[in-house]
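Let me begin by handing over the structure; questions about it come next.
Letters A, B and C mark the chains in the order given here, with residues in each chain numbered from 1 onward.
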Amino acid sequence: MKNPVLNISSLVGVIVLAFAIPYFVEAFTVLNFTVYIIMAILSLSLAFVWGMGGIMVLGHSAFFGLGAYAYAIAAVNFGPGWEAVTLSMLVPATFAALLGYFMFYGRISDIYVGVITLAVTLILFNLINSTSGPQYKIGSAPIGGYNGITAVPTLSWPNGNFIDINGMFYLSVGLLILSYLFIRYYLSTRYGKVTVAIRENERRAELLGYNVAQSKLITFSIGGAIAGLAGCMFANWGSFVGPTIFGLVQSAQIIIWVIVGGRGTLIGPILSCIAIQWMTTQLGMQQVVNVGFVLGIVLTIFVLLVPSGLAPLLAKIPNVVRSRLNGKPKEDVALGSPAEEGQT
Amino acid sequence: MDFASILAIEILGSIAILVLISIGLAVVFGMMKVINMAHGEFIMLGGYVTIFGTTHAGLNIWFCILVLSPLIVGLVGLVLEWLVVRHLYGRMIDTMLATWGLSLAIVGLMTMLVGNTTTGISTPLPSVAIGKFSTSGHVFFLIALATFVIIALACLFKFTTFGLTARATTQDANMVANLGGNPRRIYAVTFGLGAALAGLGGGALAPIIGVIPTIGITYIAKAFITVISGGATVIAGNLAATSLFGTINQLFTYWYTPIIGEVALLVCAVILIRLLPQGITGRFFKGTI
Amino acid sequence: MSDNIILQTKGLGISFGGLHAVRDVDFVLRGGELRCLIGPNGAGKTTFFRLLSGQHTPTRGEIIYKGKPLGNLQPYQIARLGIGVKTQVPSLFEGLSVFENLELAANQTFSGLEAVSIVDETLERISLQDQRHTICQELAHGQRQWVELGQILASKPDVALLDEPAAGMTHDESLKTIEIIKEITAKSSVVVVEHDMDFIKLIGERVTVFDRGEVIADGTFKEIASNPQVREAYLGRKEAAVA
């Protein structure tokens, strides 16, 4: 996947495909696909923080929820403009920075980082859930408790035009691609390389003179900002936010996307998120098998049997095919270098 | 005065509930370094066993709470240990994720089986009046049960061969294996014991809560936080953490609302973990069990 | 002479519980010096390095680096001041390539093209040009040790602390390692911990002997080798430990 020509051509392919989709399917399907894409942004943000940075965040939905609520509250107060969008990224990023300062400078171990982030998202869920009275307001926006905030003002194009269903889809695809390119770019910078180095060996990074706590904090905050952006889009998509976006189930889903897609890759969790959501929707239409049941089994089975996810396996397919064609022994391929996976 | 006694009882009750929902997790975490994310679902299953045992099968409620719930959930725990957990020992994060999967799957399964509705039973115990205040009689049962569980576990770990071997396994599993013990079986039994304790907790709570397949979520965060804050020392850590959090929870509930009580508990715990990364017993009560 | 002191410890000590792993160590390293540190297993050599690199906080004494006390700096701050460490247990970015491992080291001191050319140069020095894109996990044990030494070469610290750089190597590999160490000495003052007396002899520089956390002797290899206290404490017990 290091081949730049291949990368650019696949990027172009994705863009063309994405922009063609609304011409071939019904509006309802476009609407569904839009939410898949928005969630893919969320999945990408955890793929960055956890898969690339090695920071196990179990309650990543906290940032998604904060972004959604920040947007909704700001949009009610100042109207649906760039201020609201900025806040939807700034609020979760700042929150991540504060929480990260507390965790990373306190040298809390990985497992506790996971548990604390999980506890935090539950605290937020409980807090928001209990603010249903009219006395709970931020500016002129009632928080709405378990009812959430309805009729969130939605964004329009810079020229003032209403963003229709297709427009929303294009916007989401655009933001997904932008987020992906941004993360790719960041990881290629001097600072970004430290992110992966810390995942590989924190102590070594430190002994080479890298400020591990600071780097983790930056990774965590960037992840928070991107998750917040996904939250902002989600609030726009349904014109609604509710406390369940902070919930454990939401957090679990993000983790499933990343595990199934493959930790250490960015494309994997994007694709798996879209695929799993599509599957979930299909499952949801029949009333026999519970969706949570299937997702739970998928998570357990992947952790047990396919811990590195699907992307590394898929990345091997072209090699396997090539070696079959060339009649080369299979062994070269089976090793599948982890670094290449890291670059997927 | 009456009010003070009621408040004291409520605080004790709150501590007892925390003990009952977290002690199973504490045993598994303390002995095996496994954080079982499906613990809340074990509690939920315990609740259902007691409810169905009394309403459908017409069994005695105390039999259901004290015997049937721990027994059935303990067996479920053994099976899941065999299927999933035992393949992941030593990999804390993976164990957490895999048991999180189990948690989702159990919720889904129960939703398919019993539907997404709340069921409940009432306690046969009358409410108790102190002066012009009154409190549920079931609280006294919970306090007594929690006390009994703590004492029984302390005896189990201190005086029985299983307890000694289990503690030795925690220290050095290879050594135990060399001496002819079987760490795998110890782990399996410990996990089963943790599940059984969760089942007991769920059964005991069933009369005062509405049971629904998703109820585990309500408990898992509190149970976690209690266990992590308590540290690796199972019983002393659990008692220290439950006493602290139970008191805080109840006081804030009394001053504000139950929700604020929960938030206060969680915030307090997060700060505590920051201050004492090894948990309370990492710093105090060392060398206890 | 004393102007040339780059690193010095005064009464340095640390205890774990009741165990004095390092006790009252006065140690002086001069600019450009290559010093060997020997001592039986558990003598406190690794712990001494950990103190110097900030991975442990001393319970007693102080560390003076370039004339200033280090105080309670974090390991990364100490590294930035120019103290580099090769740890006893090889510690690399296992999932990254040899190139990336060296690049991360070079980036700390250099940037852009300069960093890249230093990495290329380093690859040559450690004879891993052909493995530049190999993942460290897949390297042989000796090569991994070299990558770690390469990180020292690439970051060019003022003081390099090398903990058992030739452990587990074949004789030929050890010779190559000595070459690399000499390369490092061209830019840095170096302290090498080693078990193997033959290796120390080959390096042929001044030797400091640790035993039970204390410095028990200091001198040329010849002096050390004929010092009865050292022979008894170090060689005697080492043979017993090996047996």
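As a working rule, a residue touches a chain if its C-beta (ideal position, glycine included) is under 8 Å from a C-beta of that chain, and two chains touch if they have at least 3 such contacts.
None of the values given here were measured: they were computed from a predicted structure.
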item	value
Closest chain to the centre of mass proxy, which here is the mean CA position	A
Interface ranked first by C-beta contact pairs	A-B
Chain centre separation (subunit A, subunit C; CA means) in Å	43
Cα-centroid distance, subunit A relative to subunit B, in whole angstrom	33
Approximate Å spacing (C-alpha centroids) for the pair subunit B, subunit C	50
Residues of subunit A that touch subunit B when the two form their complex	56, 58, 102-103, 106-112, 114-116, 118-120, 122-123, 126-127, 129-130, 247-249, 252, 255-256, 259, 289-301, 303-304, 307
Footprint of subunit A on subunit B - complex, ascending	35, 84, 87-88, 92-94, 96-109, 111-112, 217, 220-221, 224-225, 228, 257, 259-260, 262-263, 266-267, 269-270, 273-274, 277
Subunit C residues within the subunit A interface of the complex	53, 55, 74-76, 79-80, 84-85, 87, 91-97, 100, 103-105, 107-108, 111, 133, 135, 137-138, 151, 155
In the complex, subunit A residues that touch subunit C	190, 193-194, 196-197, 199-201, 203-212, 264, 335, 337-339, 342
